[in-house]
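Paired with chain B in one complex and with chain C in the other, chain A is shared by the two complexes that follow.
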Partner chain A sequence: MKSKPRTRERQLKHKHYAGWLYSIPGFIFLILFFWYPLILSFVVAFQHWHPIKPPVYVGLNNFQLVFNHPLTPLVFKNTLIYAGLRIALTFLIPIIVAILIMEMRKSTIRIMMILWFIPISGVALTILWKYIYNPYYGLLNAIFVGLGFAPQRWLSDKNLAMLCLILPSLIMFAPGLIYIGALQTIPEELYEAAELEGAGFWSKIWHITLPRIRPVIAMLLILAVISAFQEFNLPYIMTKGGPGNATLFAVQYLWRTAFGYMKLGEGTAIAILLFFFLLTLTIIQRKFFRENVDE
Partner chain B sequence: MPLIAKVGRNKLSVKFWLAFITSFLWLGVALHLFPVWWMFTSSIKPVPEVYKFPPTLWPHKPTLVCYKLFFQAIGVSYKGEYRTVLPFPIYVYFKNSLIYTLGTMVIQIPVCALVAYSLSKLHSPRWSRILFLAFITPLLIPAQIYLIPRVLLFKNFPYAFKISSNLPSVNLMNTTWVMILPFCYDAFNVLLFKGFFDTIPESLVNAARLDGASEIGILRRIIIPLSKPIFAVVSWFSFSGLWNRFLWPLTVLTEEKMWPISLRMNLLQTQLESEHLQAGMSEIELALREIGLGWNLIMAMGIIQSIPIFIVFLICREYLMKGIRLRGFK
Partner chain C sequence: MEIRKKFMVGLIISSLVTGMLAISAFAAEKKIKIKVWAGPPTAYPTVEEMLETTDVFKARDLYEEVLFEATHPGVDVVPVTWDMWSKEAGRKLMSGLASGEAPCLYYTGHIGGIQTCIGQGLVADITDLWNAWPPHTEVPAAFMAPAMKDGHVYAIPQDLGMSWGVAYRKDWLESAGVFNAEGKPAPPKNWTWTDYAKIMKKITNPKKGTYGGCLPPFLQDMIDWEWDAPVLRPDPTGKYTWRANFDSIEKIKLFKMWHDMIYVDKSVMTGADIWYGEINDTFKTEKCGTLILKTIHLCAPDHWHFGKPSKKYPHFQECVGITFLPAMPDSGGMVPNTLHTNLFAFNPTLSKEELKAAFDYYIWHWAGEGRSIYRRMRALLGYIPYWRVISPYPENRHAPGLPPFTEFFPPEYIKINQEMANLPNAPRRDAFGLSQIHGKEFGDVYISTAEKILCDPNCNTVEKITKVLQEGNKLADETALNYKIKGQTMEDFKKYYTALGEFYEKNWPEYYKNYWYPQFEKSYKVW
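Now for the complex of A and B:
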């Protein structure tokens, strides 16, 4: 009889130890590769890095150089336009598709899930689009000419390049799977109950589906905004920032500054500006979407 | 079928509505599949057809010449000058990609699972909240800020600065480690794991504890067998994310023999597109065309690069719908 509480105590102790033990590997990686570099970047931003000589503290000089650089306003304008357009045009599509796919028969859902969210390597697909956009032998111009329009220069056209970068993201996406996962957790009784009260298609979406998946939408919106502002692969592969810097975005700008021109301090200063900008955006979004759903 | 009322499904308007949704979805599927198909047909087209305008929808003379380059390096001579096109056969890059991706996953998935499990079931509620915040913030921090400091960190691992010559530090640039270490922890995976572990009832774990099971035993005999779906989900997200890495290898891998396949594809594409001489062809492109290669080679590499992702997707597919239990940042 007496031994029972003691075993219980020991078990709680074990649970406690196991908790910390299991967290340790994660902690090490977290500190070494996330928190440490984060702090480091706030050090580097105030330094001048020379390839051979030790770094020198230069105060706010890097930030001044970035602010006075003629490209900076253009880059931030481009990034804003691109990210804004991409979120506006592509964020809703996977939500709509996921909701509609759930209307299909079970067997159809299975097939459609594979086909809609069929995975292709992002880099490969981006390069494929470059082939499609080719003004001389690309598919898009063939379609255009076939329909009787004048052929376009697409990625080499200052006015079209930005749109050309967004078009591929209209069909490349995976978050649909997360929405489907979220939609599946909604109990069917809710819909049946609503049906008895005479709720129709739209009112069910509005009053049941959307509130239920709102936390997931809020989270993915935050992640989508963060990643849209940090897009690098698409412009780097397709246009290299051209024509005439029309598609030069923030991350490529800082990458080029830091590793192309070897101005690590200035590059870090750009990174920190973008960091604070995105942090503000995230905080605003968190305020807008409070996460507590009535349960 | 929760949205459309079960009663009255035979009504004409409802039928019409359903047909409309169905056709919309299939249209999307077609649009979505088209690039895949285009990549595939282009990869088996012979050179004259790849550059034909207007392009042919299906190759008249399909050829597998590009896929044969999986085991063969190529170069061309142009105006007496030798230029490498693929200094290594494709399988070298492919192998690198596999090593980087699988090597990272082997560490990343257990690390993240353990963290999520301890947050969900082991820590006291108060500590759990605090630690969760610490573990999840990397998700909210734009990853670009890590780029430069991490490069410095790996050039002079693990200090970033030359502190003194007594302290040993190594340069890990151009090694496999540089592609593995920074990705061993992933906050999104922790979120996925925790969302799932939270749905496993606490009472189940407590009951096992009362029966005298050790913590490791609980993990091994109860949690892991229950969690197959979430391991599949995380493997899928992790694999596709890691396989597609581009910016980081571009920054840290300068030696070509270490490159993943995505970097080589991009360079090849740049070589073809950069120096336009006549009718949109670069020098290398003209020389390559003489040996029957061009965009079909890049497309073949694209297909080769997509195959592993597709295989992992097929393996994990059964569990994908069951395993995702995300509830936002909570």
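Now for the complex of A and C:
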């Protein structure tokens, strides 16, 4: 009889150890491939790093070089405009579309969801868009000319290139499906009760739909902001930062600096600046965007 | 007692065996191990898998490796699969160098180029090895100039040589009534950009949606880079080595001509989204009738199958002609020697013995028995000969024992290639200790400047073009040219520009008079 509590104690203890034991592989993975590179990049940002020679501590020199570089303000301006436009178009529009889709019949919803989410490789789609935009034999200009508009230079026009990069994101970054999933979890009774109270379409959206999917919106917003600020593939494949650096964004700029020009310290300094910028944005976002639906 | 005895006997025997193994390991000849580049990482991971694929060229690699080891006892060749060309190649090479996994030889184009790497200590000095290899004197100077600094050699050429030229569709020219002095459908000999513009206009067909040519902004940098184009000028203050010279007399003129062809004549295509692959595609898919390209690509079999060749010219070689790049007007037909190759440098972490073994291997591989094996194998399998009319290595220009090149290529191709290879070589900056260190960064500034002009229909006057070029100068000065080469003096510039002036005066007197000398007076003469 006396041994029983001891066995339970031991079981609990084992459970405790087992939890730690199961976490070890993931923990090692995290340390090796996440925390170690992160800490190392903070160290490298203060060094003149060399692949085969010992690194030299240079203090804030790399940051100074980045701040004094004539392209830095342009690159961060481009990144901000791109991220702003992309979030506005690819994050807000799907919310509206998802809400409208939910008003349709269930069978139509299914068809719309399939249409919205066609699994295509991001790189393949980007290359496809590049051909669609071609000013000489691209599909878009053929449609434009067919409709009686003047042909455009799309990716080669410094005023349009940014917008041209955002358009494929509308298809590739597809939060609409997640919104629909979240919208389906809202109990019908809430809407019925609201209708009994005399609430209209917009009122239901404002007072029921949006607050109920707020946690999903908050989470997706953080992901959207981070991915927009870290955009690399689209400009790399389509414009390589052109025309005239009009689509040169922060990540491509740091990649060029670190690996193209062999200035790893400066490149890492750009990465650190971007990291703190995104961290600040995320903190602000979490402070002002409460996730609890009942608050 | 019995157990203890057994234990003792076992212990003695195992000690003896271990000792003998250790002695034999020490006694064995210590081999020099070299990690050689064996294709991209997608190559077959095991010999069995490779043999299953019946990829004879991979089998050839294996044979080569074994043969080299047999003829060079003491060297252990370890093939390593390595990504040498992708956009990630630079990042991987840096990681490989830091971790000691990089091969003994690599391409430096993705990490800033040879001159940047020399400055960073990322390439080995191979001057003694190069000079001790007798045929080095037969390697054209144009190939080696970018690999040298202050008389030292830092890289060897890959087994391929190329030059910039223009490919043209003979059937298109014929239909448009463009014939040379001999009555053949070809551009005139010693053609200029003015001739080029006229021909582009003639062969453009707006109804069909086809264009004369394709002149994307990146081409400006690509071509200029191969011959030390006058895009740099010395810093008169002496604070830095170089200042950007994008607004040189000929650049302003050329940009204006290109701009007019794009927006006034509407006879050539351009765009920030057109790069090497796309420019080739425009020609292959018959969207344009001419193509500025590296000659090596034209003489590659994959170019023989394109579009729909005409009835009169059913084969690629009959249908497509090649010629020199156009010259600037009033330049006396000055065509720069744009002969170049891919330069490969050696890993500086190698010991002296390893470096010697690696150098021997690659010279053997690209210019010796290794290449002969490759050629023989191609011939046996019925492939076209390993055709290298302008190879850096003399061994590969003649291909002894194989069918003559003329069996596979029209004489015209061979003639043009040989003429390109024999163009006079202008003195190069690097040979005077005046290297342009941050070549890639400078190139990016140059391309972005060219994009601002060529992608903007409103940048259509000499004044506007000059203004953009001067803005480009400013950006390049503050970024890529923000350095001074250690120990560099005005005397170095005097020697370089004197030699350059003498070269142009002798070989291209009209260019010297109309372009070079005015520029010399304006910005080169700083001493």
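Following the convention adopted for this analysis, the second predicted complex is superposed on the first by the 276 of 295 C-alpha atoms of A that agree within 3 Å, B and C clash if a C-alpha of one lies under 4 Å from a C-alpha of the other, contacts with A are read in each partner's own complex, and residues count from 1 in each chain.
Definition applied: a residue touches a chain if its C-beta (ideal position, glycine included) is under 8 Å from a C-beta of that chain, and two chains touch if they have at least 3 such contacts.
Since the model is a prediction, treat every value here as computed from it, not as a measurement.
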| item | value |
| --- | --- |
| Clash or fit, chain B versus chain C on superposed chain A | clash |
| Touching partner for A:L71 - first (chain B), second (chain C), both, neither | second |
| Touched partner set for A:N134, first chain B, second chain C, both or neither | both |
| Touched partner set for A:L278, first chain B, second chain C, both or neither | first |
| First (chain B), second (chain C), both or neither touched by A:K287 | neither |
| First, second, both or neither for A:N245, with chain B first and chain C second | second |
| If touched residues of chain A are counted for chain B and for chain C, the larger one | B |
| Touched partner set for A:P51, first chain B, second chain C, both or neither | second |
| Touching partner for A:Y261 - first (chain B), second (chain C), both, neither | second |
| Selected from 3-11, 57-65 or 273-281: the stretch of chain B that, after superposition, runs into chain C | 273-281 |
| On chain A, positions contacted by chain B and by chain C | 130, 134-137, 236, 258-259, 264 |
| Chain A - residues contacting chain C, complex | 50-53, 69-71, 130, 133-137, 153, 155-158, 161, 236, 238-245, 256, 258-262, 264 |
| Contacting residues of chain A [partner chain B, same complex] | 7, 11, 14-16, 18-20, 22-23, 25-26, 29-30, 32-34, 36-38, 40-41, 44, 54-55, 97, 99-105, 108, 112-116, 118-125, 127-132, 134-139, 141-142, 145-146, 171, 174, 177-178, 180-182, 184-186, 188, 191, 195, 200-201, 204-205, 209, 214-216, 218-219, 222-223, 226, 229-230, 232-233, 236-237, 250-251, 254-255, 258-259, 264, 267-268, 271-272, 274-275, 278-279, 282, 291 |
| Residues of chain C touching chain A in the complex | 87, 90-91, 94-95, 97-98, 110-112, 116-117, 120-122, 209, 211, 217, 269-273, 275, 287, 348-349, 438, 440-441, 444, 447-449, 451-452, 455-457, 474-475, 478-479 |
| Contacting residues of chain B [partner chain A, same complex] | 1-6, 17-18, 21-22, 24-25, 28-29, 31-33, 35-36, 38-39, 42, 50-55, 110-112, 114-115, 117-119, 122-124, 127, 131, 134-135, 138-153, 158, 160-162, 181-182, 184-185, 188, 190, 209, 212, 214-216, 233, 237, 240, 243-244, 246-247, 250-251, 262, 265-266, 269, 273, 279-280, 295, 298-299, 301-303, 305-306, 309-310, 313, 317, 320-321, 323-330 |
